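Labels A, B and C are assigned to the chains in the order they are written; within every chain, residues are numbered from 1.
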Amino acid sequence: MSSTQTHHTDPQTATLANLAVSPTGFVFDPRTGATFSVNPSGRALLEGIRDGLSLDALVDKLADDFEAAGADLRRDAMEFARSLKDQGLLPNTFELA
Amino acid sequence: MRAFTGTVAVTGLNATDNPGPGVAVIRALRADPLFQGQIVGLAYDALDPGVYLPGLLDAAFMVPYPSAGRGAIFERLAYIKHRVGLDVLLPTLDSELPAFLDQEETLRAMGIGTFLPTRAQYEQRAKARLHELRTQHGVAVPDSEPIYEAHDLIRLGQRMGYPLVVKGVFYGAEICHTHAEAVGAFHKAAAKWGLPIIVQQYIPGDDLCVAAVGDGQGGLIGAVPMKKLMVTDKGKGWAGVTVQDEPLMALTRDVMRALKWRGPCEVEALRDAAGGYHLLEINPRFPAWVDLSMGAGNNLPMAAVRLSRGEPVAPQADYIVGAAFVRASVNQIVNIADLAPLSTIGELHPDSQTSRAFA
Amino acid sequence: MTTHTDLTKAVDLSRKPKPLYARPTLLRHQSGLMNKMGTQPRITPTDAIDGVPVSELVAQYGSPLFVYSQRTIEHRYRELQSNLARRYPKVQPAWSYKTCYLDAVCRTYHKEGSWAECVSGMEVNKALRNGMPMNKVVFNGPAKDEPTLLAALKGGAVVNIDHFDELAAIEQLAKTHGLFPKVGIRLNMATGNTPRWDRFGFNLDNGQAWDAVRRLQAGGRLSLNGLHAHFGTFILDADNYTIGATKVTAFVNRLKRELGITLDYIDLGGGFASQNRLKTQYLPGDQVTPSLAQYAEAVTRGLSELDYAEHELPTLITETGRGLIDEAGTLVTTVLANKRLADGRRAVVVDAGVNLLYTAFWYNFEIETTAPVVGVPEPTVVFGPLCMNIDVVREHIMLPPLPVGTRLLIRPVGAYAVTQSMSFIHLQPAVAMIGPDGQHAEIRAAETLDDLVRNERVPEWIEAGPQPAAGRPATPGRPGTPVLPRLTPLSAADRAIRLN
């Protein structure tokens, strides 16, 4: 199994960069052995944050990838980042640009 | 007899240190030369060990817990039938049976065969009502009483004396030597399985088990008695041998006749120091050692599958005495990616590599 | 390159539609807790009740909203009545008022032929205003007030005596008013498989019930014409009814044999379980709750040995409440907020809580969505709207993320939820009923602030307004604003008096 290669080495998102993510949304943290499920929008956000996208860019990405009329994508993206922090996948000091 | 070619779904793949019977049932089927069907495992946890035994399953599906209700369970079965076909359902866990009792017609209409007890039979063998077999049918059963309040343990302690056995309504039995222990066991079992709690007189002696299939008319299709040779700290047989024990078989026949039992079961009994036999429990499903019946030349899971399909099965009294099993714990080496399909999409098709690899 | 881009755009139109967005979820796997096929709400949402769209009901009556199905009420009643009548010649159900005493509900049962079973003066008066004559009222309970008791005795109600003190009080009342009433006594007994239910009535097993009959006869004022027994509540094993009814039957036969007493009725109470799920219950109702036919069979089997000629058999009165109405009631509620608790669990806040569902303390209700919700179900706590820590509707249920404004159905809540609702923090919501042809109406309007304060009184000395303390200048207040009187500390002597 090979982890996805990252384009940068931001220590803030280093843990995310090391995660292995399957197409079905199975997530493996090789550092702790923890496994997770993400749904498709969660997977898009996880990959976006890992790639260093700003909050605006994440919102655009969700709007591009999904039929999301009426959804509060900004709130959802921030809440998802919170979940990543709660699960120890992002440091608590991380802020979306 | 003809070869069997349908698809069979089996539950109870939790082959842990307190194993579900699923793996043993499937191994018995696979070992039968006339079994040429497919086997689908129904899992409650993506880590049910049986799922990852090489060569055991043709496919595995997550299914809702029994507590999700019949609607959710049947909806899932219909989906599985649609995905891979499903001809016979062989439930192997106590707590999932109520969902399927008296549903034979509905399941048959879905094209799924079963061979299970009626609700009335199931309820009569319930631990909470086992004592009725003594009063109504003269079967030797130790003194027992279902209770709803821990307070009743004072009265039962005086009547039965210590030690006594505190049992959960579905699973678990704890031998308690003091009132305080019994109260603890009461609350522990109540929190896990609800009420009532069954309190049973403790009789020292040899534990004996019989795997059996009843024909629903009061007769036996087949039965294989086993004496445990090695027991874990949870009281589970880890090794055992088939024995020739006529009083035990007579007790089993009495139980089948009294209940008109239909389908698989395990009769647990005890032989006291004076050679008397006492019925301890009737489990409404195969035991986790039922592959021993295959080894003893009386393949009970295969009989259950054929009966579920509606094929006639002639009673078979013979079995090999001295057939033994020794259970082993093994570690199965898989890739973490192998766990992904069941935990994300809820199904696994070992032959297909799609959805397994990571991006 | 430009050509290439244009082509992509052209092709874009024929692409398959983008996937539907669902709120993002990240679910940590925990063995034993990660069954995503687990206890999730029914996959197909329920968007209508008896064919009436939930959206229409909410638009008209608001949220939260209790909804009763008249069709279900009638269907269940007829099912019980016919199942009993098939097995026993004289059957008379009496609607258990406390289970739901809304007039429209009670009158539906009365129209079907049901009597009224009441356990307080208020309930008896409600039955009378619902058109029940007193001789179709069953008056039970440990606390019957004297005026109602007198009216019941005079009017020929079925009165079931609960304890010796009540027996003496009824005798006294009869003497005072020159009456020689017929009465019943309530029995209690062990039925084997259900928690003991011995706080009401006279114990059959230890001979207390026999003593009560002898005592009643000795008084020379009352005559025994019936027996009442109630074996417990939410009884999941129907055999308890056979055991109980068999014991009652033996008692009835002994009364006839030894004392020459023949009875007009045997009232075997209620206690049938609904499809609801107790917190101590592992499997849901569809797998454990006996059918009305099974209950009817169990009850009447126990009566088969009655030593009476067929045409002289006592009437079998039943007081089934929950088993008849629970499934007829739904609580519509609306999602107010989603939360993430500090321990990572998802929580959802809805507009109906334990103020409307006192029963949530012992049931795990089903919660259904009314529209398709996309997203992964995860363990969720469902909180009510009260600013109180105890306000939890479900401690643990698998739910997908629910957008604010999502309507949910909580069921079954037909039994006790309305009668036990309280006006606490929030006013009580409307109750609607759907008729057999899909017509619907409010059967109780939503409570208003005026309703809430109608019986409140503010004593004069508070009402009077500012009373500047003597010898002090008046405290200047804002113009038009009343100024509260200054509180003076109690003297030691005053304090001693107040505290005693």
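Keep this in mind: a contact is a pair of C-beta atoms (placed from the backbone, for glycine too) under 8 Å apart; a residue touches a chain by one contact, two chains touch by 3 or more.
Since the model is a prediction, treat every value here as computed from it, not as a measurement.
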The larger set of C-beta contacts, choosing between A-C and A-B, lies at A-C
Chain centroid nearest the full-protein CA centroid | C
Hey, how far is the Cα centre of chain B from the one of chain C, in Å?
-> 38
Centre-of-Cα separation between chain B and chain A, whole angstrom = 44
Whole-Å gap separating chain A and chain C, where each centre is the average of the chain's CA atoms = 47
By the touch definition above, chain A meets two or more other chains at residues 35, 37
Going by residue number, chain B touches two or more other chains at 343-344
Got the chain C residues that touch at least 2 other chains?
-> 29, 34, 36
Chain A partner contacts - residues on chain C that touch it in the complex | 17-29, 34, 36, 340, 344, 375-376, 403
Sort out for me which residues of chain A touch chain C in the complex.
-> 27, 34-42, 44-46, 62, 65-68, 71, 76-77, 79-80, 82-84, 86-87
Where on chain B is chain A touching in the complex?
-> 335-337, 339-341, 343-345, 355-359
In the complex, go through chain A and note every residue touching chain B.
-> 1-4, 20-26, 28, 35, 37
What residues on chain B touch chain C, complex-wise?
-> 44-47, 62-72, 75-76, 95, 98-99, 101, 123, 128-129, 146, 148-149, 170, 190, 193-196, 343-344, 346
